[in-house]
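Two complexes come next, and they have one chain in common, chain A, joined by chain B in the first and chain C in the second.
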Partner chain A sequence: MTNAWTDIKNSDLVVVMGGNAAEAHPCGFKWVTEAKAHRGAKLIVVDPRYTRTASVADYYAPIRQGTDIAFLNGVIKYCIDNDKVQWEYTKNFTNAAYIVKDGFGYKDGLFTGYDETKRDYDRSSWDYVIGDDGFAVVDMTLQHPRCVWNLLKEHVSIYTPEMVERICGTPKDKFLKVAEMMAECSSPTKNMTSMYALGWTQHSSGSQNIRTMAMLQLILGNIGVRGGGMNALRGHSNIQGLTDIGLLSHLLPGYLNIPTEKEVDFPTYMSTRGFKPLRPGQTSYWQNYKKFFVSFQKAMWGAAATPENNFAYDYLPKLDVPAYDVLRIFEMMDEGKVNGYFCQGFNPVLAFPNRGKITRSLSKLKWLVTMDPLETETSHFWENHGDYNDVDTASIQTEVIQLPTTCFAEEEGSLTNSGRWIQWHWPAGSPPGEAQHDNWIMGQIFLRMRELYRKEGGAFPDPILNLSWDYANPQEPTAEELAKEINGRAITQLTDPTDPTKVQVEAGKLLVNFSQLRDDGSTSSGCWIYSGCWNEHGNNMARRDNHDPDDTGAYLNWTFAWPLNRRTLYNRASADMNGKPWDPARKIIEWDGSKWSGYDVPDIAPTAKPQDVGPFIMNQEGVSRLFARGLMRDGPFPAHYEPFETPIPNVLNPKIRGNPVARVFQNDVKQFGTADEFPYAATSYRLTEHFHYWTKHNPVNAALQPEFFVEISEELAKEKGIELGGWVRVWSKRGSIKAKAVVTKRIRPLMCDGKAVHVVGIPLHWGFMGAAKKGFGPNSLTPFVGDANIETPEYKAFLVNIEPTTAPVGV
Partner chain B sequence: MMDSPRTAVSNPPIQPMDSNLGERDLIRRSATASLPKPERQLTPVAKLIDVSKCIGCKACQSACIEWNDTHPAVGENVGVYTNPHDLSENMFTLMRFTEWVNPETDNLEWLIRKDGCMHCSDPGCLKACPAPGAIVQYSNGIVDFVHENCIGCGYCVKGCPFNIPRISKTDRRAYKCTLCSDRVAVGQGPACAKACPTQAIVFGTKEDMKKHADERIADLKSRGYANAGLYDPPGVGGTHVMYVLHHNDKPHIYADLPDQPKISAVVQSWKGVTKYAGLAVMGLAAAGSILHGILGKPNRVTDEDEEGAEKLTSNPSATDPGADGHRPEERV
Partner chain C sequence: MNMELSRRSFLKVAGAGVAGTTLGSMGFGDAEAAVAAHVRPFKLATTTETRNTCTYCSVACGILIYSKGDVRKGETAVITHIEGDADHPTNRGTLCPKGAALKDFVHAPTRLKYPMIRKAGTDKFERASWDQALDRIARLMKDDRDANFIAKNEKGVPVNRWTTVGFLAASATSNETAYATYKVVRSAGIVAFDNQARV
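Coming up: the complex of A and B.
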């Protein structure tokens, strides 16, 4: 989230698209209710299904899954055509005025530089013209034909309301109504918020779905303001924490990068990370990259990370591929290239696409370790449950080791919510049976491995032997110790660089925040963006003061938000070029002639003059990007591509299948289905009554939504002879499942390019373990393809067939 | 402390508390002719369910199950979201989902109504109940079942204009929402209201709830719901569970919420006769069993009912004890 859950109450227009907040985030949804009840806010829902969110919406428009970019590009076009643009914001706070290189272009659905064999672009032309002064060239009049604004205008010109209806199946009048409501928020005193979730991410164009809305929000002037923003509703209570702390195969904590094998040494690694400003006087905060990186290395390896050994740069693994994401790991497992797999708090048998492939891959392992509080399907993948898990147990040789862990309510630690609030919590109960904290388990494994390395050596034992492990009880590091390590310390006494007589931090003391980090090895911090969470003032994450002056929704003394306890990112953009709030009634910060101050921690240097320094301080430009340069693999502007399995061809460019640079493994291509064999457009989702595959273990949740089902329209039911509550078989090119049929008016056929498209909705909460009735998940059917930028699997749009059937046979 | 809690949001006090609801607060007691006048009048309370804010999450059902420690069975899917499929001795409240196409706009509306005891000011269940003290009404408006006094005859089911009470197949006693009388007694609002994430369910004094409803209705009218209104049906003397409905002109579209609920004339007259005749308790129970045949289905007052009632009240022999040899509970 750029903003916070509590800030949604400040919105005038809440758009839920690519998500289903009322069902998947019912507690957070209270802030939408607040906005509606106390601000008169309107709620729009755009979704293939009429959801529980739609049931409380002011306006609902249907859309075919996987076509959001066409819809939103259509809205951008509508805003441009109807002069519904927050002009001062767009000109000054985005790169609309930046001139793009002549080489860049877009033709026949492809951007310049496409290489079909590599399924990748040469992105060198996707950049600004750089002037003799070394800065990007801009034309503030927006007259230059090659400025971003004019290129954007051209790019979205094909997305007319008629084209949106053809692609998305959204009736033209409904599209126009939504576009009109959104466009009204170009007023500086009207703000729209975007609430989205996996309905946008789980597509082969997932990142671009989000980006398109971000672009719309920018031209409406809705980023950095109260009641605005791009608000990703994270799906687990701590999934924000997972990404922040770098539990992704290509990232280090705090969104630093794991080196690639081409970055053979530290100077090479740093050579592309200078982040020189692209416009005069801009902050370009990533210029501090080295401070964050070196401090991370010091947190990891302490005294063993020295200037002489480039702060133990060689200890880091080097990637030979862009990422070892889940799809790649299971592809490798299937190819027999993986011996063992540690599965900590994850249930791949239900969570990863193409379950048949997942089960086959796990069967090829020598060993599998599961760490989980529950008996997961993954830890029982070898067990035959009739139709529900039809495996030949005798042929599976994988040794499965189950390590029972505590659950969140039995642990002390922090959870980071969608709004970046790092919230400390305390155990409410003792763990049952043999369950142990994850910290203890990891400690035990580490200590034993280190002992083996100590005794037996190995190719390169140094990173293990030298790992910093100075915890009071090495057997089990405590949450407090880890939090302090993440916050960071002064290793030696820190003095003011401009006045060495002034001591800033004594050696060994906790840092106030990341502004004190150094790149010379005198500071450590396990995750720079979290620095400030536990400093010498104490555990700021444990703060519980809900005082909120003037009811702005900031709650600055409630826990700690990263970065620097800032609640709304880019909040400098809530004020105009003179530093005055666009909407005085929704002031966040204000320039008083000498400094910024207000209700939130300013997202700008406190004395940076409003006319000089742009609000998007992490970007080299100081402004936001309508044109993404080469930072997105699939194009600097979002373009409509169909899902890999689509009921209709790409009407813009029929020859292009899916996103042209989304990664597909050759082995999986033959398992893509086509509309002649699988005519129905399926999608997957959550229901309020359950959380993932956990709550089916709880009899209360199981009673409230007991049994697996699929949802279809009355029209499709009639066509197929399917009865309400009857059994159906649903199958794709990859698998087959049986479910009860919920026949509903909430799903209607969509007319796309003259063809009726039937939607089949498949919720995801059932498996063969737990208290609920046994069932299946959509992942038995979903394709093994990931988003072009971050490899998120395409769970939200795929093809199936359906027929009436009889009950499955279970064990 | 205040005699009635004003909200369901607040957290419980740290200090132990005595129950603030007791015998002395009863204003009605089933099959009891002479109830002492209560020592005091508690402030009437109410739960307000704003259907237009409800997202159908079933947190109220979860909270109800947890607080009352009931154990609904894991059933099966029959093609709808309403689960369990009906109220039961293990499920005192139930979200009922209705897909309704508004004929005026041709738009689908998914109407989600939290069903459960309405806590009528004029409670048909209590009036129909032949077991002394099995159903009571407190001066704050809560209608409660006292299970140790229940004989399981099921008349409360028949007497209820909303078809709410259910007889346990295990212990043969009647169950329904208590409005969390055990929580209210110690200054807490009902569990469902506490759990509701959107505050679609709120709790407080009936007066406050009506004021809150007015604000909600004004908001709904501003959004085009011209017939938005408060459901507080006069036919049962008003209720202590009220709804804000977007379409208050047609409550029946919300999973058969009665348009104009009232207590069956049968029950009214039955109560009248008891008062008039002042019969002994056992006699009442036996007489009740005769009425049973007439009250054979959930209580909707039909013309036949009215006729039957006429007949009964004009024919004294119908209340003759012993006219039917069965004990009432054997008939249910």
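Coming up: the complex of A and C.
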């Protein structure tokens, strides 16, 4: 989230699209209720299903899953056509005025540079014209035909209300009503917030779904303001933190990158990370990349990371592919190329797409280790449970080691919520039996491996032998020790670079925040963006002062938010070119002639003059990007592509299947279904009584929602002779499940390109372990293909067939 | 309002012989004060109050956990009650149907208690000691790493990749656990490293 949960009360218009906050984030959704009750805010819901969020909305519009880009491009077009643009914001705070290279274009649904065999673009033309002074060329009048604004105008021109209706199935009048309500928020004193979740991410064009709304929010002037922003509601309690700490194949902590093997040495790696400003005087904060990177290497390898060995650059693994993401590693497993696998608090048998393939892949492992507080379907994947897990146990040669871990109530540490608040928690109970903390388990695995390498030697043991592990009790590092290491320290005494007589930080002391990091090896920090979380002032994540001066919703002294305790990202953009708030009643910060100050930590240098320095300091331009240059694999502007399994062909270009650059494995292509065989558009979702596959272990939640079901419209039920509460079989090209049918008015057929599209809703909380009745989930059916940029699987849009049937065996 | 004064310490003060007058001066009626003086302390003051956050979604509602025994003093502690933290700015004491049932998640019948090993081809888990399980894991990892580690690519560039073992990290562990996990996994050269954020 760019903003915080408590900030939603400041909104005038809440748009829930790609999420269902009332059911999936109930206590956060209260802030929508607050905004409605006390500000007179309106709520719009756009969803294939009339959700409980929709039931309290001021306006609901149906949409076919997987078509959000067409819808939102239509809204952008509406705003441009009707002069509903926050002009001062758009001209000064976005790249609307930047001139794009002549080579760039878009035709027949594809951008310049497409290579069909590689399923990739040559993106070299997707960039700005650079002037002789080395800076990007701009035309602040927006008259130049090649400026981003005019290219955008042309790009969205095809998304007329009629086209939106054709693609999305949203009736034209409903689309226009939504567009009109959103467009009103181009006023500098009307702010709209976007609340989205997995309904946007879990598509082969997921990243672009989000990008389209971000672009709309920018031209409406709604980023960086109170009651505005792009608010990813996120899923699990620390999914934000795990992302920040960088537990992803291609990341180092704090959104630094793991090197690729093309970056043969440290100078090569750094050569593309200079991040020189693209406009005069801009901050381009990533210019500090080397400080963050070197400090991370020092946290990892301490004295073994020296200037002479490029701070142990060669200790890091280097990628030969964009990422060994979960889809790739399971594909490799299926090919017999993986021997061992760890699942720490994760249940891929239920959570990953195409369960048949997942089970088959796990069966090819030599060994599997699970670390979890609960019995999971993954640790029991080899066990036969009748129809619910129909495997041949004796033939599965995988050794499974199941380790019992503590749960949240038995451990200490911090979790990062979707608003980037890093909140500390304390243990309250003793673990059951011999269950152990994850820190202990990771410590044990490490120490035992290191011991083997010490005794026996082996393949390149240096990174293991030299890993810094100087904890008071090496057997189990404490949360406090690790938090301090994340925050960072001065390794040697730090003096003021402009005045060496002034000592900034004594050797060994904790850094106040990341502004003190150095690139010469004199500082360490495990995750630079978290620096400031535990400094010499103490554990800032444990702060509990809930004062909120003038009720802005900032709560600056409650816990710690990254970065630098900032509550609203890009908050410089809440003020105009002179530094005055767009809406004085919703001031965040203000320029007083010499500095920025206000209710939040300014997202700009405190003395940076408002006319000189742009608000998007992480970008080389200093402004935000309506045109993404080459940073998105599937296009600098979002374009509509159908899901890989679609009930109607792509009306813009029927030859294009799915996202043209999404990676597909050949084995999976064979398992994509088509509408003639699988006519119904399925989607997955959650219920408010359950959390993923955890709460089915809780007898209370299991009683609240005991049994798996699928949800269909009355129209489809009639067509197929399905009765409310009757058993149905639902199958895709990949698998088949049985469920009770819930026949509702919440789902209605959508008319798309002249064809009635029936939606089948499949909630995801059941399996064969735990207290609830045994059941299936959507992932026996979902396709094994991910988003073109980040590989999030396309869980939300796939094709199925359905028929009445009898009860499954093995209940 | 700085809520360093916990509800429990308030109750302890209130219950320590001056309950009637203290509560009375705070605007409680005599009868309520008398009831509160013995009922609330009886329920909560004998327990340990701990601040935590809900383990489910990333709204991260504040919760108060009450237990018999104080685990931070090294005692065995049994969690007896969990409720919303009224001082928390986000949820202000409320919990949804998931958070409201957290106590029964902690005590779920399917919580794991012991390390277990299922041998290849067999149809059951057998109990193992931690030492057995951990030594086995370290051995399996070391042998596989030594056999399959790619120190250099065909061009002679050090790449330090270990692709035959993967690690899928959790989404509800703390940042500190995540960081410790990061260190162990990356220093071994594991590239198939991912978490729930991608799915």
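Just so it is clear, the second predicted complex is superposed on the first by the 810 of 811 C-alpha atoms of A that agree within 3 Å, B and C clash if a C-alpha of one lies under 4 Å from a C-alpha of the other, contacts with A are read in each partner's own complex, and residues count from 1 in each chain.
Definition applied: a contact is a pair of C-beta atoms (placed from the backbone, for glycine too) under 8 Å apart; a residue touches a chain by one contact, two chains touch by 3 or more.
The model shown is predicted, which means the values in this text are computed figures rather than measured ones.
Using the contact criterion defined above for the overlaid structures, shared-chain residue A:V148 touches neither chain B nor chain C, since it reaches no partner.
Within the superposed three-chain model, A:E689 lies in touch with chain B and with chain C [touch as defined at top]. Contact with chain B, but none with chain C, is seen for A:K773 once the two complexes are overlaid on the shared chain.
In the superposition on chain A, contact is made by A:N701 with both chain B and chain C.
Contact with chain C, but none with chain B, is seen for A:G241 once the two complexes are overlaid on the shared chain.
Contact with chain C, but none with chain B, is seen for A:Q423 once the two complexes are overlaid on the shared chain.
Once the two complexes are overlaid on the shared chain, A:I44 sits clear of chain B and of chain C alike. Once chain A of one complex is fitted onto chain A of the other, the partner contacts of A:Y324 are limited to chain C, with no touch recorded for chain B. In the superposed model, A:D58 lies in contact with chain B only, and not with chain C. Contact comparison for chain A: of chain B and chain C, C touches the greater number of residues. Residues common to the contacts of chain A with chain B and with chain C across the two structures: 26-27, 30, 688-689, 699-701, 704, 771. Those residues of chain A that touch chain B in the shared complex are 22-23, 26-27, 29-30, 33, 36-37, 40, 50, 52-56, 58, 60, 688-689, 699-709, 723-726, 740-746, 771-773.
For chain B in complex with chain A, the touching residues are 52-59, 61-62, 65-66, 71-81, 83-84, 91, 99, 101, 107-112, 197-200, 216, 219, 222-223. Looking at the complex, you find that chain C touches chain A at residues 1-4, 48, 50-62, 65-67, 69, 71-72, 76-79, 82, 87-91, 94-99, 101-102, 104-106, 108-123, 125, 128, 130, 133-142, 144-146, 148-149, 151, 153, 155, 157-199.
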